[in-house]
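Labels A, B, C and D are assigned to the chains in the order they are written; within every chain, residues are numbered from 1.
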Amino acid sequence: MLKEGDFIYLYNDKATYMIPFQKNYCFSTHKGNIRFPEELEFGDKLITNMGDEFYILKPTLADYMMKVKRRTTIIYPKEAGTIILELAISSGKRVIEIGTGSGSLSLLLSSLVGESGKIYSFERREEHLENAKKNVKKFGFGNNIEYFLKDPLAEGGFGVEEIDSIFIDVPAPWTLVECAWQALSNGGHIGFLSPNIEQVQKTAEELHKVGFARIRCMEILSRGIRIKKNLTRPFDRMIGHTGYLLFAQKVKKGNAELDFSI
Amino acid sequence: MLKEGDFIYLYNDKATYMIPFQKNYCFSTHKGNIRFPEELEFGDKLITNMGDEFYILKPTLADYMMKVKRRTTIIYPKEAGTIILELAISSGKRVIEIGTGSGSLSLLLSSLVGESGKIYSFERREEHLENAKKNVKKFGFGNNIEYFLKDPLAEGGFGVEEIDSIFIDVPAPWTLVECAWQALSNGGHIGFLSPNIEQVQKTAEELHKVGFARIRCMEILSRGIRIKKNLTRPFDRMIGHTGYLLFAQKVKKGNAELDFSI
Amino acid sequence: MLKEGDFIYLYNDKATYMIPFQKNYCFSTHKGNIRFPEELEFGDKLITNMGDEFYILKPTLADYMMKVKRRTTIIYPKEAGTIILELAISSGKRVIEIGTGSGSLSLLLSSLVGESGKIYSFERREEHLENAKKNVKKFGFGNNIEYFLKDPLAEGGFGVEEIDSIFIDVPAPWTLVECAWQALSNGGHIGFLSPNIEQVQKTAEELHKVGFARIRCMEILSRGIRIKKNLTRPFDRMIGHTGYLLFAQKVKKGNAELDFSI
Amino acid sequence: MLKEGDFIYLYNDKATYMIPFQKNYCFSTHKGNIRFPEELEFGDKLITNMGDEFYILKPTLADYMMKVKRRTTIIYPKEAGTIILELAISSGKRVIEIGTGSGSLSLLLSSLVGESGKIYSFERREEHLENAKKNVKKFGFGNNIEYFLKDPLAEGGFGVEEIDSIFIDVPAPWTLVECAWQALSNGGHIGFLSPNIEQVQKTAEELHKVGFARIRCMEILSRGIRIKKNLTRPFDRMIGHTGYLLFAQKVKKGNAELDFSI
């Protein structure tokens, strides 16, 4: 049985909502109102007063990310999966992210490092940080996140050390490479998401100069396929680009990668 | 300082190796021999007797996956990231995977569900299972994995209940849909990776029949980009296809998705 | 100097129009009215009464295709380019297309086979055929096209012989494979565009059965890139799918491709 | 019946050859020898002395392009299709290409502009030009091509005027933009294929400066699909990148595109 406050992914093929379960609560969809019963389970189906059916589903991690209230561009699941694997995000890890944005990646990182891990999340703009905090808290994540309303560049660095992994999504990522090197443990992981190729070019050059190796860049494309009898095919429209992913690992100063001839 | 047994990702742009650190051990690469010193740190650089340099790097989660000894096709990182997010794999979750294969996904799942979670990993072929166990153990994962040398179809199901998420990568995935439904908790997540579209078509039809909703299919393409001064461009070759991902969620019997007109 | 009736591609980065030049004609755009002067050249710029600038450009072949009045889905330039090369469309060739649709491919084929070539264009629906004829004629193509308001399946075939190449874009393409074999010259080229994979599967099986070899399928993706100082990147949205292209070549009956194990 | 000298595409799913038909000629394949009979038709099948079958097929335009003897990177069919449509290559057009390379695009252009058209093909390196000439002639194209062993930049331009379309594939394409503007008719089409994004960036900036509008860039991906009963899927490997296509049209000097803010 669902408990009050448990998050539900309300789903049909036209619309989706993420809301906390509340007994007898009346929820307005674009397809009419739904009244929640006293007892409800995942896998049930409810019908609006206009006759539309909605499934009561468990949210995926991707659902939480997509349902944050957005005040900024968010990190999308298609990139987040690769970020996790390339930055070795797992239980117990200490991770920096900058900027917090709307908190879509923050809640994922929080979920994956668990109680024994720690997320240090930096954001310069107060209204974004407040929105992100609300998003993360509302969905039940974030006990292991420490937020900073701060520009590390202006204030002499991140102020933490021996960090396992750093993820950077800001307009001028190259400016933070030296700060990041200082905060990372030896061999530590760094990752960037940048929409423009010029950002990647400048950042890769800076990584090389400051002391990082294994510099690599990729883009991730996700293509939805409609599976329907005699009508199976990729969907007509797809996301052509969100951003370029750039990864590297900290090495000792002077250990520049000889063959990375930028 | 690295401790004996810590795994090292030995990296240069021509070759990579994953090996445990051992003092004074002499390791043979394709580019000559490396002798490990008494003291070594991540971020150091070692030189072979033929003059080639290798970085001493921390492995990413993707590196562990790619460096299992392969007796089967493995799950690649580009799909694994999406699998984690869509199946809501995180700390404390109870997850079934079938088949174990070479253990590349097993070690990732093991890493992500942590000590409070549990992986039930099924494989029919003994030689594959033994290889996978060795792979997972060698890299320091797997305390939370229970292995089964078993065909659930022949033996009346998975034999476990209230599972959060199931991942299926077998040649006839549609045959396991009913067993999976029985093993999952309400609203639970199911995922498949299948190379051929016909497998996806049959499995989607079976999912619909047995009692799953939110059936969705996608493919993930990862495109490497070379970042080099005046020579920036995508790499000439890319992986065109590994498999189709198919996801769904368990609903009550009879709650068939009306608009999924297979 | 432009002559009256010459087609102009009116272009700015917000809107485009294809119209014939007429002296002193006043043309309404979404951004105000343009009055054509007595004398106009390609490469000139005109300004609407609301201050918006439009370039006077020569149409590309792709522009003609995209600017037909659409009553059906059209063949897009990204597929048309491959169709031309794989079907060996060039000066003097005799080509069948079915269906005519809105005529976007018809005008391209007409342009490429020239005066010494011939296009036989079949369409079942009169309103589509009339629209296509108008489109093709309006843009100055089509002297070498013979139109047929006809279903070749119902009427015993195409009624022409020794055809070099046939292009088929209909909902049940497999039904026309035998007719097409009859109409083609030995070794002749056949091509199909089909949105759904099941259409491709059925058609490939029929091709194999009837007497075609070198059966091959592909999809073409075109990805626009924005080139802008410090803001260079692929566009956010792209066409994820229009259709699968399928090609084959006629061989003698009985010469089935042994290794095409459908 | 095939005449002596007619080009044949010898095809099976392991190997392909392009050769002229000669009665009684014995041709060596990797799978044994084939002796041509006195009489042969397209659509026939021949068997090597080692038992391998080959189809006798009509070449497509793509086949000619792919079978030139290569001394340089060639233009591939996937880009060539788009080049034709965007540069409005058709019967009677006057076209410049630079460089000639191995002649793969030359023969296609030659085929499409026909007897009433003209190709001016420029190449700086004599050994490439000689190879290209041989390739084009061998396959029966090229009567309408005039070749120039010349660097237009060093020699004051292309030396021809009122050209309809120019295609540029050289390492420093931006250096030729002014020459190209001089050679083109008003509103004329220009296209570039460049492997690196920096080439595209510099060329787009130069186009804007010199007097071109409608500057647009794209990349074309072609993805092969294996159609086989119960084993239908994209091929494992694909070409990830050949080059970026850049197109524009000549406008009057001073008519810079206001909103193209490079």
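What we mean here is this: a contact is a pair of C-beta atoms (placed from the backbone, for glycine too) under 8 Å apart; a residue touches a chain by one contact, two chains touch by 3 or more.
From a predicted model like this one, the values you see are computed outputs, not experimental measurements.
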Chains touching both subunit A and subunit D: B, C
Cα-superposition angle relating the copies subunit C and subunit B, to nearest 5°: 180
Self-contact between copies subunit B and subunit D, residue sets same or different by half: same
Intercentroid distance (Cα basis), subunit C paired with subunit A, Å: 43
Centre-to-centre distance between subunit D and subunit C (centres being mean Cα positions), rounded to whole Å: 20
For subunit B, residues that touch 2 or more chains besides their own: 197, 223-224, 229, 232, 244
Those chain pairs that satisfy the touch definition: A-B, A-C, B-D, C-D
Touching residues (chain side subunit D, partner subunit C) in the complex: 11-13, 41-45, 53, 55-62, 65, 77-78, 80-91, 108, 111-112, 114-115, 185-189, 197, 200-201, 204-205, 213-229, 232, 244, 246, 249-252, 255, 257-262
Residues of subunit B touching subunit D in the complex: 195-199, 223-224, 229-244
